[in-house]
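Next up, some structures in structure tokens.
Shared chain: chain A. Partners: chain B in the first complex, chain C in the second.
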Partner chain A sequence: MALPLYYNWRNLQRRKLSTTLTFIVVTVVVVVLCVLLSFTAGIRASLAATGTNLNLIVLKPGATAESTSVLVPDEIGRLVQTPGIALGSDGSPLMSRELCVQTTVPRRLSARDKEPAPANVAIRGVDPIAFDLHREVRIIDGRSFQSGTMEIVVGKAAHDRYEHTNIGDEIVLGRMENRIYKVVGVFDAGGATFESELWAPRTSISDSYLRRFDSSVVMRLQSVAATKAAVEFINGPTVQLEAKPEPQYYEDLSKKTQDIVVLSTILVSIMAMGAIFAVANTMFATVDGRRREIAMLRTIGFGKWAILVSFVVESLLICVSACSVGLVLSLLAGGVKQDFLSDTTWTVLAFEMKITPGILVAAFMLSVIVGVFGAITPALRASRMRIIDALRKA
Partner chain B sequence: MPESEIELRDVRKVYYKDRIDIPVLEGLNLSVPAGEFAVLMGPSGSGKSTLLHLIGGLDSPTSGSIRVADSNLEQMNERELTAWRSRNVGFIFQMYHLVPVLTAAQNVELPLLLFRMPSSERRKRVATALGVVGLGDRMDHRPNQLSGGQEQRVAIARAIVTDPRMILADEPTGDLDAKTSEEILNLLNTLNTEFGKTILMVTHDPRAASHGQRLLHLDKGVLERDERTPARAPAAVS
Partner chain C sequence: MPLRVVYLYRNLTRNLSRTLLTCCAVALPMTIYVLSMAVIKGIDRFLDNSAKQLRLVVGHKTSIINPLPRGHRAKIEALDPTHQRIMSICGVRWIGGTVQNEPHPLSTLAVEPDTFAQTFSDYYLTTEEMADWQRNRQAIIVGRATAQRFHWNVGDRIQINPSVPPYTPFEFKVISTAPKAIDPITNICRLDYLEELTKQAVTIVPEDWKLQGWVSFFFVKCGSQADVDHFRVAIDALFAHSPDETRTQDEKTFINEFIKQQFDLPRNLMILASLTVFVAIMAAANTMSMNLRDRMNETAILKSLGFSGRVIFGLIQTEGLALCLSGGLVGALTPYVLFTYSPLRNFTVPLIQTLEIQPIVCVQAMGIALVIGMLASAWPAWVGLRLPVISALRNLE
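Up next, the complex of A and B:
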């Protein structure tokens, strides 16, 4: 038979200082875990929301991202022969030639900034057909740009973060920083990475940045079943380029977040070890301070198991309640918009930190592990205490 | 002759410390009838507490047999002894050993948590036990809100709340003043005479010893004297 929960709860209040310090340690570990996991979950969610399996992205072989890829017109010309390529309403292949360049734009001023910090931002030069292929992209404010003009539309996340991205604003771009583009619209892309970009007519960007060649081609297939044949054709001797389904391309980009996950795991594991020692220290002090109480409970008929469970429960009460507070603090941080500088594209990916149910479960499990592992040795000592020794030394 | 509640046959207890045998009890024979209030006296180190622990199932003998409340303790394992203690023995300690964070009622309730019974029944038994020791109006007081005598009364209520067959008391008045000691000893007499509890009490205090019906003098692990105090008659056992 177990000891009542109120016995453990009130005992925690006997050692307010050590209980509070242990509580704080576990709370910090939970918050750090949640922040790190929500950081990677946010990046992954943003990258995972980008692209469809019906689209193939074609790059130069060996290029790790659009920013390092250059396609010459001859190569692009051969792509129209790709088997399974979808045709538009006018009968022409659904292919979007895209030119990606990077530029720096000032961030919007926050309360703590004295002057706007620059950020590396991706500009995508596209033709109007791009909107037929990237169907998740929708203008939510203003209108789209007109071909051949110096108009630009901005992604929702970019609009939130960067200066001169309101509709009607003028933004200075170009290799010589001498081309003035007018912002005419804001677009949403369902959380995809495109939301961190600025989109303008391809020919205008090509001219502004003196870039004669495109970075990539996105093509629509008639069906997902056509993917294999299309990829083999493009990767083969006829075209000699490299094609990937869009989701795979963005997943490959997100692989860098694996490193963050590994580092996070190492960091959180070290902190959790510290928390386990903190809990163990508190529980050892608790056991030593209650020797005669334990002896009395064993004398009147509580078994070893009841004593062991009681001390583990006491530890879990600290850890689980600390976890609850840590989760509340983390949920308050959830939804905070963050930037991540991709080391593949060298552009800023804007994303929202996401506290997912998986993260909540992970935090809870961590607190339980800390509670159980921290308590088990002191609890074993308490349960194995020789009754008559404890009574004599009391 | 009433049936023996406690029967010890040739009990030896030897402790091993630093590779040395330390004999504490040397072939002890003892019989305590049900309903008797026996007092164990003797100098420090004579084996009084060890004997009390053996009879209470808190320790096992090196050799010999111990039969208490119809059970052969030397044949029981630790788990069986734990369950046996909860049913048959009420313990009273010199330092009361109350849980400081629990109220008087919650302290008294602790042994009842080992039994399956409705909470209403538990509350009733707790109120009865605290009523017997005269603390019915202190149920919600914590130990630090009670005097030493009141704390020992709560400990006695905790010892009797399961209605055990016997009470083992280890210097129950050792930490109390003379007047409070007398009250506690009178309470033990009441438990013996009115409720028929077999009581075995360890004490150094001759005045406390005079409350028992039988004095057992231990010295160096041997029962030196076994004498009756004529003033008090054993309780009638139902």
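Up next, the complex of A and C:
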């Protein structure tokens, strides 16, 4: 026969201070876990939302990112022969030449900044066909730029984070900072990294930055099945460039976040162990303070298992309720805007911290582990207590 | 006095499992505190070294990826004909790079060989290494952490695939692992070697992008802090309204800008360290309140025997301090020993790579543990001090 849950609940209330302090310890550990993991989840969500398997991104072999890749017109010309390339309504290959440059833009002032910190922001020079390939990109405010003009559209995340990105603002770009571009629209890209970028006509950017080459080519395939043949052709002797499905390219860029995951795991593991000791301490005190009560329970017929389970349940009550509060507090971190500088692209990626279902499950599991491991030894001690001794000592 | 010590010892050992669990509950947050502070101090040391070197970093005004013409160097040098205020200038090109079958990018810089040693005197190259550097165009100084990671030794021939044109693998000869350099990861090679390979490259690269005569940054070594302040403004003024305008910062500000853009690690770790200290306070306070509760009768008897409230206050405070100091000691010394004497010393951390735990951080942690002990036992000690003897004795079981 199991002890009723109400019994555990009443016992927790008898030691209010101890229960509260243990509750706070577990809550803090859960909050730290969620916040640390939400950084990684935010970055990964942004990178994972970028690109489709139908698109191939083509770079110079050896270049680690678009920002360091140089493609000349000769090479790009050879790409039209790629097997399996999709054709547009006018019969021309769906292929977008893209030029990536960077500029330094001040961040919008936050409460803790004395002066706006600069951010290294990516500018993507594209032709109108780019919108046919990057279908996730859609103008949500204003309009798109017109080819050959000094107009620019800004990603939603860039618009939120950086100065001079409101519609109608003027932003000075160019190698000599002598070209004034007018912001004419804001675009959404379904959370993809493009939202951290500024997009303008390729020819205008090429002229403003004195670049006579492109950084990358994105091409649409007729089907995902055509990927293997297309990649082999592009990587082969005819073209001698390097092609990857878009998601794979962005997955490679997200490897940097592995460091954060490792660091978070180590720190949270140590903190969780601390929490286990705190819970164990409380539970030992609970067992010591209730020796007579435990003996009485045994005398009236509750078995060893019932006692053991009861103490574990009591510990779980503290930990799971602390976890719930921790999760609610962590949800406040969800949606907080952050950015980080990639050491591969040397541009900032603006992202929102995300509390994903995976993180919620991880936090819940952590609280269960802390609860069970913290309670198991005191619970065993309670269940193994000799009835006669306990009654005599009491 | 000895009686109090005995009483304290008995109190700490009468419930050994509680004492040990509290020690651990304080020790583990202290371990995180020490690790976090070690990273923060590592970054601070890095920045302080940069500040001490009196170097300015001159980059392109519009973006860090836009190169500057090497001709700028002579113009900057001309700002100080005496060569007393501008000691040396070294042009630097970022080439990044990867090692075959290793996706993680390297940090590699190609530098003007003639002025490197003088501008970056904090690399402490020996006379022999200097001679090798001057004699061999393929010379490379590899960061000691990078050397350790790839098992590179002085004299080895290594290959690095640059992330910039011409993209073809470069062969280098390791001449030093810069054991005394503050930066343990960056590799340094010669700019003339890079330019020669780029010029000869068969890879299709536009002529203007072979970047002959261009650098990413100039590092300007100044004679004094006043010179740093003066030339930071003077250099930008010199190139104002030119096709390649500059943005000049002192090296510390330049590096700090990167750090802040990479998760602002020092700030976030400081928040984490504060939270862990808070957790330790909660854990210790829990134990002290449980101790007080269990010994309420005993405290009442002590008071009725004539021990003053101040003595009771002192006993409870001392117990809290002893408990937390033991936890702090274990929490601080464990990471110190592990990261100094075990294979964990090769553990890499973002930005600073090698985690060096300085004794001062451990001392700080123990100081904080004492404060935790004081705070955690403050309320129980206060209750002990004010305990009304009659009512406490009335509740005697």
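One rule holds for everything that comes next: the second predicted complex is superposed on the first by the 394 of 394 C-alpha atoms of A that agree within 3 Å, B and C clash if a C-alpha of one lies under 4 Å from a C-alpha of the other, contacts with A are read in each partner's own complex, and residues count from 1 in each chain.
Here, a residue touches a chain if its C-beta (ideal position, glycine included) is under 8 Å from a C-beta of that chain, and two chains touch if they have at least 3 such contacts.
Here the structure is a predicted model, which is why all the values come from computation and not from measurement.
*Asks:* What is the contact status of A:Phe39 with respect to chain B (first) and chain C (second): first, second, both, or neither?
*Replies:* In the superposed model, A:Phe39 contacts chain C only, not chain B.
*Asks:* In the superposed arrangement, does chain B or chain C reach more residues of chain A?
*Replies:* Chain A has more residues touched by C than by the other partner.
*Asks:* A:Leu87 contacts which: chain B (first), chain C (second), both, neither?
*Replies:* It touches nothing on chain B or chain C.
*Asks:* Quick one: classify A:Leu3 as touching chain B (first), chain C (second), both or neither.
*Replies:* Touch partner of A:Leu3: chain B, not chain C.
*Asks:* Look at A:Ile300 in the shared chain and tell me whether it touches chain B only, chain C only, both, or neither; answer first, second, both or neither.
*Replies:* first
*Asks:* Looking at the overlay, what does A:Ala229 touch: chain B (first), chain C (second), both, or neither?
*Replies:* So A:Ala229 meets neither chain B nor chain C here.
*Asks:* Residues of chain A that sit at the chain B interface in one complex and at the chain C interface in the other, please.
*Replies:* On chain A, no residue contacts both chain B in one structure and chain C in the other.
*Asks:* Name, in rising order, each residue of chain A that touches chain B in their complex.
*Replies:* 1, 3-4, 6-7, 10-11, 13-14, 292-293, 295-304, 387-388, 391-392, 394
*Asks:* For chain B, which residues count as touching chain A in their complex?
*Replies:* Spelled out, the residues of chain B in touch with chain A are 49, 53, 56, 58-59, 78-79, 82-83, 85-87, 91, 93, 95, 97, 99-102, 106, 110-111, 113-114, 158.
*Asks:* Note which residues of chain C are touching chain A in the complex, please.
*Replies:* Chain C residues touching chain A: 15, 17-18, 21-22, 24-25, 27-29, 31-32, 35-36, 61-66, 96, 98, 103-105, 107, 161-165, 167-168, 203-206, 208-209, 243-245, 247, 257-258, 260-263, 272, 275-276, 278-280, 282-283, 285-287, 289-290, 294, 349-350.
*Asks:* Could you please specify the touching residues of chain A with respect to chain C in the complex?
*Replies:* It comes out as residues 17-18, 21-22, 24-25, 28-29, 31-32, 39, 60-65, 67-68, 70, 72, 74-75, 101-104, 117-120, 173-177, 209-210, 212-213, 252, 255, 259-260, 263, 267, 270-271, 273-275, 277-278, 280-282, 284-285, 288-289, 338-341, 343-344, 346, 348.
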